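Working notes for the structure below.
The first chain written gets the first letter, and so on, giving A, B, C, D, E and F; residue counts start at 1 in each chain.
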């Protein structure tokens, strides 16, 4: 039996039953694809050997559509968790992988997603070490949800904590904002538009490692502004640090088409979800060097210092606008909705 | 009130009758199909203001310059002569 | 983007701000009618770049804010009865008397958030065994597109499509504001996109009757500062004229085709404005010939009535008599997460705009 | 704002937006409930310190109904993963926790589930160290799905592997079969019945630890026969070890009502899902002692030796029936469906 | 459980097995009619506890196995057209010509797996805007309950309920088997639950015509071994009688109320048996008065035809001419995961029962 | 054919008319509502055979003993006298 020939065109409830059909699916698709000694134990879990500090992060991925411009839910699930582990100042090495599949998902799509996961995991240098596959009835899911939980040793030089942030620290962003969210939005029913906007989903762990290698504890924080966007992450940071944040609108990298799409739908790009970028807070003395290093790195040619922490207006994020005005930036409230009227 | 954004009319995509025309409009490269029913005078290459999926006005290029001309007239625009963006 | 980026120019904006500062010798209260202008002013931080004596007052021009509570309850009623309700994004978070459309959706309603009413007609075509209602809010700008959706449905014999109409008109609202004895407004920035449809004609009588300058203005920073400058020049000169800052978009005659289409579908009627009350001849309703497309008639829901929250001073806010931070509820019981009144809902609503963007709060 | 007063009766999309509503939900329900130094970092992940072998297991829980007799999806999600980690011969200490909530879930139900998770975690001695909350549109989920990933140090005396199983090894089950599956089935639309059957979901980690403390490496395997039931697990083991398995039908503990419900619906209890029991494979020399210890333990008073490995019929599981006959036991094929005609 | 556990007694079963061994001097081929009996024989490992010379042959009494492929395709057709199709669990995995009901469900069909047809009527009541069809398969045992569902629907005016009928009758099938010239069957175990409804009457003519012992038998191990013993006693004595091992459940007259109810709704008709072909007067169809409840009539799907897989020898299996392991496809191209023919689908199907339970395979 | 299981009729739960009676049946403690329409003679405490939600037969207690009586008669049941289970 080959991996594309399990005798079924679509996933059905039997594939999640825990019986023979489940085992077939696992043997011929999952184990064959990810084939590594951890996973091959085929036990209820896996055993890894660790020594020291281990960073752990979990995320469920529920993006719709599951195939979008620039990627699919599979690579997103790898990159998202790889990046969250990296944001802890750690070096992600292992992932667990749990699917919740809606019956009726074409087997072809499932295989495509599994292949993307493999490719993304290889690219990021992580191994899938344990997993789970559940199938839910039609109408009780949305094609496929993926949970990944990631693990990695904390970088020996890392000392990442919002406690370390002080007034004067600089805020650097690794690339243009709102790309992922607008790529998804471009395919959303009732709001769709044509563009060359692609999701920027990618793994940021090697970039993070390079930064830690060079700057170590002078890097005070990493944070990826995914759901809720840059505005929400910075609002949380202002709140947590009891410091103010000054932002320079002109310094925030933004792709032209992304900007245009936001104009059309009345969305603020600062609220839109990102995937392939992060924010780092660093001591002012190294900010220029950090930007310089990042601009040379393939993952962050458009890195930019977008603002700084200040003691002036604690807990408030203030944007200095293109035309020299000021406004408060508040976190996203509920769901990001297009403003039309 | 109401958000309307200028975009360049790239092509007339369908024309059921004189009233129900549709066209593709580019907003800095982002393209949307919009109704041209309210702008019978609009032609390809015009810039139209689009609101909730319908073009509501054709932008007048001459008038667009006036904002900057006033500043010139007032002697305020000496360093801004190259201002109007024509990049699309 | 052409016709956008050049109007966000720092230097040119500064020039106009300098001109304003040089020109304004007295205290002037200027109301921008449109919520889009309010948004532009606060988002770009213009209000605090203006001299102390030039005060912007936020007008009633946010359709989300003036749509009466009972219409939201009606839309929710439809949603809870299996109707597919289509709406613009900003309407769905507005709390009705018990819940918002978004909460009704969470409870199982089929709510669709759309960019365009024309899309709603397509949804009706694709769901022939369901009723589809578009929540047709908005001012003169939006009415033609909504009219178009009805004409489209009629042309294509889509009988399961109707609209829940809440269209309001700007000039009667301006009159209402000016008639209030507490009114302190010295000049108006006219609503650019409303005038793109309606033209300038209706504003001359207002200028004459109330001897007040009106400058039809666009939405970009440069538009706004130029419009304010033009109003101040008139005020300082003691003039009152209708001027058109937004001439690249607004023609004197407006959009003739759009007006014709709108008038074939809608007729003028009394309308309730949230926070203000009923203003005579201040909105549109569907004409008799189009009552088959009127959701209130079709579903017999016209009798739903809902009182407003009594502690909310939205009416005074919308008329420019008070500023949001002068409301005792502002930022306390009333926040964007839990709005008591409509102006706290949309980011264009005066209260929400203040809450979100104003640097009044930055130093508080 | 108290944990039950977030201003919303139900979860809506805004609670998953990553903005203020998400933060409110996390602050007032999640962080307040689980309050521990790991979680309180409120970062993208958590950092734990480990030294040695770490067992990791992940599972998504999609049970419907979410509240069932004897438990709810929350405690199931804790116990399921705690047990999977224990089955690796490890001592579970940490869990990640990821929700996928369908909009419209009553806030009250969410709080109830979170409270159950807390209680189950406390009972099992594990801490929730990192998490995630996503909200999907109505009709794109099924009230709530929960993923937990668990971690724990491998017991120093443990040497768990199917490689260690040899002919003659005894198979011991910790308690009566099919209880969880039949508790769920009793509430299933179109098949429902009245009974006192309750899910047996519970944490088995302390029992596992006690066994390892006493018997160490003489315990060759632990496995919890969840989805697919006892039949599927044993079929897999026969397959993996290349040995045969002899089972004694009369030795398999089975509650009377569970047996009756299986009769009515034409289900084989060996195929029905379990939650609160496990199978252990031990050297024949210690089998009696293992059963004795287990019978004294609160989690396993009905422990029983149900069979043994044999070289006689490799890869086949043979049941010796009540009336002295033999039959093959095959793994569950697809979904477990009631047989009526 | 009373009336179950005592019939699973090891000692008593052994006694009967001993009696059988002592009594049977020649080779006897005994067919158990009913799939439930097949299940009981293999599940309890009875077949291999019998002496070599007593051979059980699995009969056609599995409704899942004899339901023709075209009926499954019809049910799928309904499912794919938005009908709520209700079925017993065992039917849903049977592959039709392209897919099974379970796969059609995975593709979006609203399939409900039920314990009882009466539940389907409730579903129809709860979904007045949907059509609900119960897939009414089964032998005489199941026909009264299915008839009851139709009477229920009629009584309660549930007009969106209908049944897709595939009811077959045992005696014509037995005749068909006995008429085959390759037939080697020496005695029958009669189907206990069929006779609980029909009584014993119809079997006397068979006994007389074919001079063959028939022992109406139950389903528990003790029932089965006693039934086999009773058949062997007759065979060894050269007798042919109708005997009733299952007298605690089967009365001579059967269930009079059930027969009446069934006959008010159904009438006898020719029926296609999967793997066997059409047998005259071997099944039920709805009477004219109840055609409103006939899904084939209601939805105009009676013309759907589907050929069977040509390599499958299900017909010979069902007639007892061949054993499953004599089929070249058995366990190779044909497995429960990928069944080629019906007997591999249900665990009561002869091929699946062999595949799952038989210790023929244990030493292979 | 067809799975039918014996259970004890605990109560008549509804009785629309003489035909459409429903009753609660206990199968070793597991209870289900079943139709009694096919067994008009069934009364509380009877054991009925239930198939797909309908009782199809009342179990005859006397007849039930015969399976064991035959063994006795044949001298095969000496050690089995206490066999018939009456625990319900």
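The rule is short, and it goes like this: a contact is a pair of C-beta atoms (placed from the backbone, for glycine too) under 8 Å apart; a residue touches a chain by one contact, two chains touch by 3 or more.
Each chain and its UniProt protein: A, D = Hydrogenase expression/formation protein HypE; B, F = Hydrogenase expression/formation protein HypC; C, E = Hydrogenase expression/formation protein HypD.
Bear in mind the structure is a predicted one, so any value in this text is a computation, not a measurement.
Any chain that touches chain B and also touches chain E is listed here: A. The minimal number of chain-to-chain contact steps leading from chain A to chain F is 2. Look at the CA centroids: the one farthest from the centroid of chain F belongs to B. Should one ask which of B-C and D-F has more C-beta pairs in contact, the pair is B-C.
The geometric centre of chain B is 62 Å away from that of chain D, both derived from CA atoms. As a whole-number value, the distance joining the C-alpha centres of chain A and chain C reads 37 Å.
Chain D has its Cα centroid 56 Å from the Cα centroid of chain C. Residues of chain E in contact with at least two other chains: 1, 4, 9, 35, 62-63, 88, 102, 115, 119, 138-139, 142, 337, 348. Touching two or more other chains at once are residues 1-3, 5, 27-28, 52 of chain F.
Residue positions of chain A touching 2 or more other chains: 12-14, 20-21, 256, 259-260, 263-264, 266, 330, 333-335, 339-341. The list of touching chain pairs reads A-B, A-C, A-D, A-E, B-C, C-D, D-E, D-F, E-F.
By the touch criterion stated above, chain F contacts chain D in their complex at residues 1-3, 5, 27-32, 50, 52.
Residues of chain B that touch chain C in their complex: 1-8, 19-20, 27-28, 35, 37-40, 47, 49, 51-54, 56-57, 59-61, 63-64, 66-68, 70-71, 74, 76-77, 79-80, 83-88. Only residues 193-197, 256-257, 259-261, 263-264, 266, 339-341 of chain A touch chain B when the two sit together in their complex. On chain C, the positions that touch chain A within their shared complex are 1, 4, 8-10, 13-14, 35, 42-49, 62-64, 86, 88-93, 102, 112-115, 119, 123, 137-138, 142, 221, 336-337, 346-348, 355-359, 361-363. Note for the complex: chain D touches chain E at residues 189-191, 256, 259-260, 263-266, 313, 316, 318-328, 330, 333-335, 337-341.
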